[in-house]
Amino acid sequence: MLVALSIFQLSYVLLLSPLIFGILAKLEERIESKQGPRIFQPYHDIFKLLRKESVIPSVASPLFKSAPYVSFSFYMILTLVLPIITAFPLSFGPTVDFIGGGLTFGAAATIKKLSSLDSRSNYSHLGTSRASSVGALAEPIIVLIFIMLGVLSKTNNPYVINNVLQHSRSWYFSLVHWFVSASFFMILIVELGKLPIESHSTSELGMIDQAMEMEYSGIELAFFKWGGYIKKFLLMSVFLNVYTVPFWVPLSVNIPGILAYSLIHFIKLIVLVVILALIEETISKLRLFKIFDYISISFAFAFLAILAFYITRGGF
Amino acid sequence: MTVYVLPIIISAAGALLSVVPVLYFEETVSVAASSLSLLASIWILFMPGFNGTFLFIDGLSKLMLVMISAVYLTAVVFSITYLKYIENPLFRKKIYFLLLNLFAFTMLLSVSVNNLGWIWVGIEATTVTSALLVAVENDETALEASWRYIIVVSIGLVISLLSVVLIYGASKNLLLSSLFLSHNPDNLRLLTLGVLMGIIGYGTKAGIFPMHTWLPDVHGKAPAPISAVFSAVLLPVALYAVERLMQIAPFLIIKNFTLILGILTVVTASILIGVQKRYKRMFAYSSMENMGMVLIGLSLGGYGFAGAVVLMISHAFAKSGVFFLSGNLLSRYKTTLTSGINDVVKQMPVTGYGLLFGSMSVTGLPPFGSFFGELMVIYALIKNYGIIIAGVVAVFLILAFISLNYHVGRMLFSESGNPALKKMEQGRTAIIMPVINIILSFGVVFFIPQIISILQR
Amino acid sequence: MQGIFSLTGFFLIVLLFFMQWEVYVKNIIITFSVSSFILSGFLLYLGIVNEEHILLALSALTAAVRGFFIPYIMLYSLRKDTWRARESEPLMGTATSILISVLIVIFAYILYRSTLYGFIKVPEGSLPIALMLQGSFLMISRRNTFIQMVGYMVMENAIILFSGYIFPGLPFVIEAGVILDLIGIVMIFALLMRIRENTISSGTPDSYENIEELKG
């Protein structure tokens, strides 16, 4: 039963993740009063790339060719261990906790960075250095957020955190929880590469993540793109299911409930996408060195969560 | 009751009347208001103490009232002649006298109310009324000095507002008369903390060591009568609040804390007097040194307290006279630099000799009242803390004496080479007022027993 | 009650973070106005729960003076003072000042726990202390006079929050006197700013370092 649900969750994520970003792109274009691409455009892109010839730099090592597949498989593993459509662990659930999940994300990102260094292209190197310097400051904050959630639930297990927040009103409405959520939302925007941080245009001035896959083409690029969609989909799901809206996630094996929830989850994601599109359309890009100020605010929120824990919950 | 509010009401009425648009009306009204409030204060001096819901008048308040109104009167009279020398003033003469009267009103209010909260309000109001007076000279430096004054003093007063809140929390009461009598024994530590914060906060306004930075800027840049009022009475008014706080909580830790602050103030100011290049800033540091001595005296109690009050009164008259005379120098020599002034004794004999005796008085030379005040403080210091600390303080007093009188002597007696010009001397009022004040600072000597008996009553 | 107080305190702290982040003076003044309205709302709630009419009056006065009147005056004098519209050279970077603000909140917590908590026994009392220290930090870290003024008023707001929650019943006349003085200081401030602009026409108005007469 759990294996079947795991396969269902995997296919749910793999198939739906491009659609979410198609909707996001369409929304943004509509807000700018443009026609915009169809919402299925990401699928077309991936299929087109799968059929194209791939060109590999002559100086690149074998790592360059294998990196997209490795990182894609990391994301598939993550799909199996995070609470996406169920609030109870599926068959692979017990393998890693929150810290392990974070490390897997980090491993995928590291492989991507190594491969882009391997391509010996200046633009890729630029993107890598930017992504590394942002990541070096953002990742300690993610650790801080995990620690605060550990304080909240006395465990590092995302499923337990979801259950605690679903049941305990006092935790759900506590300042600790909402400061952590605010901090994670700011980090989420950094990870999604949305506007105050990164602008997706053809100019290299605003590129961070986009620049790293500059030398890829064909099937490798398709896997990188698809992996990127999955990564963002997972982060958004974690943000919704673990941090902000932990409700309605099925707590026991109940096929109609899980099917219904997978629809609800899609609606939750669309609401989040609308919010992201609105932010994207109202805010202008920060200058590159201002990103660190932005991250410091996120750090301040995470730290205020700790203080709120001590001040309102007695601490000491 | 009615007698005790007279000085406050008269100065407020003077402030309101001085905006009446009649030629020279504001000067007449201000002189009348200040003389009347001086008379009322002297009358209060012979009345018994008063303790009501709004006012609290004891010996210290009476002496403060007399001191404030006397300096107020001389400052008003001196302003009438001095304002002519300010080119391009910030506002018209009527507004100047309005603010000066209001300034005196807030100070008179602060020393007679029976509520810690109102003392805070009054002292904060002195900041509001005096900030513009500092900037009368209307150049960038004056405005900057005024801004520094507002910001530094306001931060200090925020600390004392917190202290008012803490004292209220500790005793659920802010009336001085009942705070003197009893304390809730459970909350003594909170009370102590509140009083300590209050001493730091009001100490800012009095130019006490850690937050004294605004003081030389303001005294150096304000016009002479305003510098005189600041140095002679505004700083003592802030110390009055400190003294009230110490009377509320006469604990050893508070006394020691205040003593340390006082000694640090004396040490800092004495060292800084020697390196000043501008005479008004030098006199400002001398005020700071005197306030340090007063604070030491207040912390000791007994003889020290009486000595502190004598020193405060004598310093008020002497220092206001010195600042008036420095205004005469500035208006004739057109420079604030000590090195730019030579041969004052020949060029302006009355100003020169007045300055000589005045600077002797503010540094505590024997015939003047401040000498006896400092002597009493030092005596109490020896009795309570031994000869070593008293010796350190005395050494720095001597250092201040030498450096101030060296600079003043150089200004007065150095040869400039110019032939003596009699017409450099100021008009009659401009020299009579400071001379009267300096004579008064000598005259305090004869009233020391009376001052002590008023304080003890 | 306790929850509402924590919420108010933390919200005001977050607004101060925003002030540290912001360089445009207008936005900082508006943020201050918002924080005063929040303070006023808290006092209103406190007054209704404790049935203290003094707090209701204080709430109305806070909203009228700190929320509306003072920001209005400051915005009005800012409009005539265009070169002060933004902080041109802050003393330290935004990230540094935000991190220092966080450290201040921690410091205030430790300070409060080790000193005042022993007598007051209110666990959230460190929030107003943190606000006060942050207000003074805002004054230190900026050169713009308008922002320094806002920092001063943030400190006073913190004391109102502190006394309103922890020692309710501070005599109303005193609170009224405090507010009157605040009005006076802001008026003087606005006046000084105006005069500076009118009389000082020469190039760089913020170059205070060169005032020779205020040295020593």
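Letters A, B and C mark the chains in the order given here, with residues in each chain numbered from 1 onward.
Quick note on the criterion: contacts are C-beta pairs under 8 Å (C-beta built on N, C-alpha and C of every residue); 3 or more make two chains touch, one makes a residue touch a chain.
Remember, predicted model here, so these are calculated numbers, not experimental data.
The two chains most heavily joined by C-beta contacts are B-C.
The chain with its CA mean position farthest from that of chain C is A. Among the chains in view, C has its Cα centre nearest the centre of the complete protein Cα set. Averaged C-alpha coordinates put the centre of chain B at 31 Å from the centre of chain C. In whole angstrom, the spacing between the mean C-alpha positions of chain A and chain B is 67. Here the spacing of chain A and chain C, counted between their Cα centres, is 38 Å. Partner chain B is touched in their complex by these residues of chain C: 115-116, 118-120, 132, 136, 139, 145, 148, 152, 155-156, 159, 162-163, 166-167, 169-171, 173-174, 177-178, 180-181, 184-185, 188-189, 191-192, 195-196, 199-200, 208, 211, 213-214, 216.
Residues 90, 115, 117-118, 120-121, 124-125, 127-129, 131-132, 135, 138-141, 143-148, 150-151, 154-155, 158, 161-162, 164-165, 168-170, 172, 174, 187, 189-190, 193, 216-217, 220-221, 272, 275-278, 281, 336 of chain B touch chain C in their complex. Chain contact summary for the complex, chain C toward chain A: residues 2-3, 6-7, 10, 13-14, 17, 21, 93-95, 98-99, 101-102, 105-106, 109, 113, 123-124, 126-127.
Those residues of chain A lying in contact with chain C across their complex are 175, 179, 290, 292-293, 295-297, 299-301, 303-304, 307-308, 310-312, 314, 316.
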